[in-house]
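Pasting the structures in now, so scroll down.
Shared between the two complexes below is chain A, which has chain B as its partner in the first and chain C in the second.
Then we have the complex of A and B:
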C-alpha cells in the first residue's frame, strides 16, 4: 500500500481478474496492481460500479474524486478496517475539554508556522531578503499563549500565513503575480496552484487518517463541520508548506509550468489538464522523497510522515504521551 | 521495502495464470516479466505463492533489491514503468 494512482483518461474503472483495470474510451486497457495501491485519484470522467467499490473496500484502497476542473469533489473511503470505540471516545473527550482542545490547536499552529518559516528561511539564504517576514512569523509564534481561544488562535494562524504568502511574489518569477490568497474560485495562476496543491495534501491526509481508528470528522483547530473531514484540515495545514508549496516553487521556477498551463473560466483561473499533470508528477515525487527520521532511526518517505503524524496524535489521545507535531528538522 | 523483478517460464497455456496473479502486485513490463516495489512482507507472499503455482519443468526467477533506489535501470525504447502512476 504505497502508491497513489491518478487517472486522467475518460473511461471505465473495473474489477478484473482480482485487480483493478482501466478501460479508456479508446478501448485501451491498463492495470493497476491493487496490492500496491494506497489510493486512486480520479481526474477524468470515469464510470465504476459497486463491484469495484466493494473490491477496493476489501483492499483498503480509497478513491478520491476530483470533479469538474479538478475541484475536489469527495472521497469513497473504505469501511474503516480499524474501529475502536475507545479511540473515538478519547478523541471526543479531547475536543470537548476546552483546555485540551486549545492545547492541540496551539500545537498544530506552532508546527504550521515553523514549517512556513523553514520555507522562508530557505529562500532568505538564497538572494532574497525575508528578514522582516521571519520576524513577523516569530512574533506570531510568540503570541501562542495558553489563554487564547480557538478563534484567536485562528487569527494568529491567518496573520502568520499572510506574512508567509507575502514572500511568494518575490520567490516566483516575473509574470506570476500572486497578490494574496483568493479562492472559490482562485483568481490567478498562483492561487489556482495553491488550491490544487492544498486539496491534494488534504486528500492524502484523509487516506492516512483512514489507516487508524481516528474519526476524520472530529477536529481540534478547525471546527468539526457537517461535511468535511475537518481533522484532515488540522493536519494538512502542517504539511502544506513542505508538500504543496515547495512543488509550486519548483515547477514555476524551473518553468515546468508556464502561463499556457492555465485558463480563465467562470471569473477564475484554473489549471489545464497538462498543468495538473505536471503538478501531480512533481507532487508524487515529493511524496516519495525520503528523509532520515531521528526517532524512528530509519529513512521514511514524506508520504509516510503523514501516517506517522496520525499515529502520534492517536497515541497522544489514548495514552496521554505528549504530542509533538511534525516540524521540519532538516 | 523490496524492489522485485520476476521472470517466469511456464507452459504456454498456463502463462495467463501467472499473468493474472502478478498483475495484482506488480507491473507487467514485458512478456513473462514483471517488476515493481512491494513491502518486504508482500514480497515473501508473492514468492511463496509463485512457488506453489509451479508444475514440474517450469521455473520462476525473482530478483530482489532492497528498494527502487538500489536499481540502476536503463531502458531502450518504450518503458512501461514510465508514469505508471498516471493513467
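Then we have the complex of A and C:
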C-alpha cells in the first residue's frame, strides 16, 4: 500500500467492475491498480461520482486533489479503518495541557531547524560559504527554551526558515530568483516549486496519519484547524527540507526543469503540466529512496519514515515514552 | 487468597456482570504474556496493528485446514474461544515450533477456565500441523500453578501505566507491532 498514482489528464475517474478506470477527454481508457495504492493524486480536472468514492473507501485509498492556486486543494479521505477513542482522548489531553503542547511544539521546531541545517551544511561543505546562515540557525535552536509560548515558538521557526530560505538564491542557478516566500498564489518559479513540493509532503503525511487512529485535525504546533489537517502541517514541516527542497535543488541544478516549465496564471506563477510531471517523477523517486534505520534494523524508504513518524507520536501519546521527531541522521 | 488477587478478580468478572473492577483475560493475552510482555501491554490497550503489515498476529495465521474432523467453536463469557472436538477434548493449534509454550499456556488456560470457572473438566490436545503430531495436555497441579501465576502476571502488566521496555527478541521480526515498538 505504498504507491501513489498521479493523474494529469482531464476526464472522468470511475469505478469499472473491480477496478478504477480513467476515461480521458478524447475517450482513452486507462486502468489504475488500486490494490496496492496508498493514494490517488488528481492534478487535472476530473469528474467522479459517489460510486467511485465508496469503492476507493472500501480499498482504503485516499484521493488528494491538486488545484491551481497553491496546489493542494483538498482530500477525499476514506473512512478511517482505525478508530480509537483512547487515542483521540490522549491526543486532546496533550493538546489541552499547555506544558505538554509546548513541549511537543518545541520538538517539532527543533527537528525542523535541524533538517534545514542539514541541507545548508551540505552546500556549505561543497562550494558555498553558508557559515553565517548556520550560525543563525544555531542561534534559533538555542532560543528554543522550554518556557516559550506557541506563538513565540512560531516566531523562532519563522526566523530560522527565513535564514534557511536566504540560501536558495545562492544554491539555485542564475535566472531562478527567489527573493522570499510568497504563496497563494506563488509569485515566481522558486516559490511555485516550493509550494508544489510542500503540498506533496503535506498530502503524503495526511496519508500516513490516515493509517493510524490519530486524528489529523488535532495538532500541537499549528492551531487545530477546520480547513486543513493541522497535525499534518506539524509533521510535514519536519520533512520539507529532506523531501521537497532537495527535489527542487536537484531538478533545477540538473536543468530538468527550466523557465519553460512555468506559466503565468491567476496572478501567479505556476508549474505547467510537464513541470509538475518532472517534479513528481523526482519526488516519487525520493520517497522510494531508502536509508538504514538504526532502531528498526533494516532499510526503510523515506515514505515509510513518514509512517514511522506518526507511530512515534502516537506511541508517545499512549505510553508516555519519549518522542524524538525525525532528525536527519545520515 | 485475598479478594484483590487477580485470579479472584477474574472469577468475579466472569461470574458477576455488575462487577465494577473488571479483569478479563483472553487466550491470546496468555499467549502474548509468554511471548512478549510489551506486546501484551500494547494489545491490552487495543493499539491497532499496522493494517499494511503482512505478518498477522501470530497464531491466527496457522493453516489448520488439515484438521477436518468435527469441531465446534465455543465462546464463553466473551473471554475464551475454544475448539471442542467431537469427543469433548479441547484443541489448540500450535503455530510454529518456536511457540510451543505460548500455545500450551493458552490451552492450559482454557482447561483451567473450564474447570475452575465453568465447572467442567476437559482434556486438551495440542496439534502440531507441520509435524502432523498431537500432544495430550493435562491440567496437573504444576500446570495449574503456571496458569495462575500467568493470570497474576497478565494483571500486573495490563494495569501498568506504561509498557515494559523494548527488548530484542527472536519474535520481533514477525511481530505486528514491530515498527511501532521500535520507533522512537
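For this structure, a couple of remarks:
Throughout what follows, the second predicted complex is superposed on the first by the 327 of 330 C-alpha atoms of A that agree within 3 Å, B and C clash if a C-alpha of one lies under 4 Å from a C-alpha of the other, contacts with A are read in each partner's own complex, and residues count from 1 in each chain.
Just so we're on the same page, a contact is a pair of C-beta atoms (placed from the backbone, for glycine too) under 8 Å apart; a residue touches a chain by one contact, two chains touch by 3 or more.
This is a predicted model, so every value here is computed, not measured.
Contact with neither chain B nor chain C is seen for A:249 once the two complexes are overlaid on the shared chain. In the superposition on chain A, A:71 contacts neither chain B nor chain C.
When the shared chain is aligned, chain B comes close enough to touch A:33, but chain C does not. In the superposed pair of complexes, A:213 makes contact with chain C only, with no contact to chain B. Within the superposed three-chain model, A:60 lies in touch with chain C and out of touch with chain B [touch as defined at top].
Of the two partner chains, chain C is the only one touched by A:320; chain B is not. Shared-chain residue A:122: touches no atom of chain B or chain C. Counting contacts as defined above, chain A residues 1-2 meet chain B in one complex and chain C in the other.
Of all the residues in chain C, the ones that touch chain A in their complex are 45-48, 50-52, 161-163, 178-180, 182-184.
Listed in rising order, the residues of chain A touching chain C in the complex are 1-2, 60, 81-82, 84, 86, 211-213, 295-297, 304, 307-309, 311-312, 314-315, 318-324.
Interface residues of chain B facing chain A in the complex, by the touch rule stated above, are 1, 20, 23-28, 36-39, 42, 83-87.
Considering their complex, residues 1-9, 17-19, 22, 30-36, 277, 280-281, 284 of chain A touch chain B.
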